[in-house]
């Protein structure tokens, strides 16, 4: 396991020092491990916070800024942050219009955000609403399990709900937009190689040279199945088939198509994958309205990719196109 | 060797199909493997073209757009493009004010661009000037060798010269700015793991689990030396020491500090590295005026990073801050 | 026989030591069906717990258990942070401001903790979670005490029940937590949280010690 | 003895076949001191050259050599594209619109090609490049012809000189091309370009064939 780090225990704290130094228009609360907008709280605006385990960069800290998140809480690598962090972030960004918690659907994240919301209710007067992202079709959805994981849609949701908040909409309306994004988005991922958690000191899983893992999560959680290595064309089909089977993406105003890199896969391969995805969409009669290609929700150095489709309407596209100024996504300003 | 590709021979062509599909504001000439601005040629503006082997994405195709390159020629993976491509790109972007060729200093790139310039001179009336980027302090500079390699400074140069061209400066002035950037910029890189050229089908080099390569190039060319794995702090010193020894970066209006990912290294590690670099700069009395952290000039899936420092003056900073709208760098518009 | 404040402290410190020794094991188990952080999570939390005990020695059972719970909530994160945190916070509430707990009171506090885990995480028996080690232990403690077994020995039996519960997670198909994503593929692996929970119960038995042999 | 247009074509096709057989070797050599693409580069180029020959059979030596050179320039890229391209383009100019070259004319054309490589790449003897295989071969051809050795045998000697030149690159310290970045560490590796150049000369010898034994 080769990494550009010092002590594994210090990775998150030191990365936050780097983020603070590299992005003067962000602020970092090093004690609470929170990245927040320099102008927080924005008076009258709904605050958007998210957070989760580290190791998925640019998610979430790289999506803090005007038009997207107001604050992000950084947990240890692949470990949900603790309620104190979300509570502090909630206080920091509340501009009087309440705060939306964007929570990826993992048991740890859900419980820690839940405790934070309980604390916010008992200790502060801040109005908190939570939205849970659960878009990963690799996981069987059921009332009796932890449900689907939150993956690629998180990026699109933070962008779109962030734009809705920036427009001055009230908390309920911002939450409604966020839920609409989650309801209309689906993802599926795959890995060619494992990631290695710094403190674990070894790869999370073994994947033979001639196999790949289909349906993998963003923490190296094993996926749906292992299959022999196959060309990009076949990989795209493995990922697209369950996504297209889960929701009808035809009609409407088209989709936002997002090919995400898991961290270790070079951009040239992501473009090869995007070409395959676009080809499948065209065959399926799905119109691409917007696209995004790159490593936006990663899994440390894992090689692989995920595909996310979001069925968009006119309003979601307008919010997607709205200005955003964060380290990870930036346009229109 | 695990890759998200189809036939290794088709990687570049298919990635270009992906780029074309993902970026409607770019145009791709698939026959010549050129990415160019949708509005090319921009009348009266100096055209900026660059190009080189593929596998370094987002360089160069991801830097095409207003405020940066007018066109990029994509060679085979790690292989300089051929003169026909540069000639075609030159014709495509010439808006009457001449074309600047940005050439990374590799024998192949230099010779192919040279032939293209000869062809442009004999076949077209286009005024062509070339700037060679050679910023890699890992390589001994000498009249009798191929000289220093062009690496990280290329990104900064394309941005800054692109801004100068966008301002409407004449060819000689744009070339002067470009040469100033090259003269004031230095880089050094390192690798934790090898890359693998798709057509070669195997890693370019073997690097034992407990060693790293210091001074590596962006094609997996072996570096200055192999040393035992070391913490990020030590790696930063290995890279910074030769850079700071080569040029005095104190004074002036500070530096643009750029920590670049080689492709396989996650962003969280790049921020850890940036923190170390910023710490060393502070100790050395070098002021950081601007910074850039991320994978911008990569070497396929190689894990590792490089550091680039550019000694800036007021004018270079203003040009750096000027609006840019490309897939890889985007701000201010 | 009662559990004195000092024994509670021995329990917690003993648990911290066991976690320290088993960090790699817990992470390895979590690599197989999770995300390879359970060892690091628990070790970070219990190290902080011990530091807090050193810094501010609590004056009551409730004080100690609350300190442990709060520290775990604030330092562990993940699924195990809120779950173990809630476990100790509920134990604290059930214990009250006393400096010693008799057998039934300690058992009642443990059951309150277990109920907290269920309230927070909604796990049921057989879901392949820490519940599957904790619940049999708490049940065994209750029935041993009801049968007149002295507390020390009863905790020993509870620890054995926890170990059996932990082992029983191996063939289970996970329905809660990260392992549930695996479906069928979770079968055949021991649950990391059940493993740390068995250490927790074992540490309690060790801290209280076996009852003196009847003369 | 002369080199007919058909022999020139045999030469080029033979070279393409040798490149195809040695693609992996050339890439492996380039992995050690370069960027692992020399095999793919040459193979892409020579495949295109053969396709062009199939498509438009040239009518003269100059036509053939120009077609080869242009195709290499347009398809190879990297350092070897302009170098081999220039080599053939200069050979074409030196050959003229003829359908056969006698020994001295062929040798003159080869020297012109070699000079093109130098003009383009500025390599000198001992820089560890294709020059170190090509130059001794051209020199050997000249002196063998001057000594009255028939062309076929003279080319055989030239091929041996190219092989020796290729082998001699092993201990050299690279001063040109990508391998020069390695400094001392380039020592001990055979230059990939010198290796493909030795194949080029070898293919010429094979295409013309050994001279008939004197009766």
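Chains: A, B, C and D, in written order; residue numbering restarts at 1 for each.
By our rule, a residue touches a chain if its C-beta (ideal position, glycine included) is under 8 Å from a C-beta of that chain, and two chains touch if they have at least 3 such contacts.
Molecules present, by chain and UniProt name: A, B = phosphoenolpyruvate--glycerone phosphotransferase; C, D = Dihydroxyacetone kinase subunit L.
Keep in mind it's a predicted model, so treat the numbers as computed, not measured.
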Chain-touch separation of subunit A and subunit D, in steps, is 2
Name the chain whose C-alpha centroid is farthest from the C-alpha centroid of subunit C. D
Subunit B-subunit C separation of Cα centroids, rounded to whole Å: 55
Computed distance of Cα centres, subunit C from subunit A, in Å: 33
Taking each chain's centre as the mean of its CA atoms, how far is subunit C from subunit D in angstrom? 76
Per the C-alpha centroid definition, the whole-Å distance linking subunit A and subunit B comes out as 29
Which residues of subunit A are in contact with two or more other chains? 77
Linking chains that touch, what shape results: line, ring, star, complete or other? line
What pairs of chains are touching here? A-B, A-C, B-D
Please give the residue numbers of subunit D that touch subunit B in the complex, ascending. 27, 31-37, 39-41, 44, 73-83, 85, 120-121, 175-178, 180-183, 185
Could you please specify the touching residues of subunit A with respect to subunit B in the complex? 2-7, 11-12, 14-19, 21-23, 54-55, 57-58, 62, 77, 192-193, 209, 212, 229, 231-233, 235, 259, 263-275, 278, 288, 291-293, 295, 298, 300-301, 303-305, 325, 330-333
Within the complex, which stretch of subunit A touches subunit C? 9, 53, 75-84, 106-108, 111-112, 114-115, 138-140, 144-146, 149, 197, 199-200, 202, 204-205, 217, 219-222
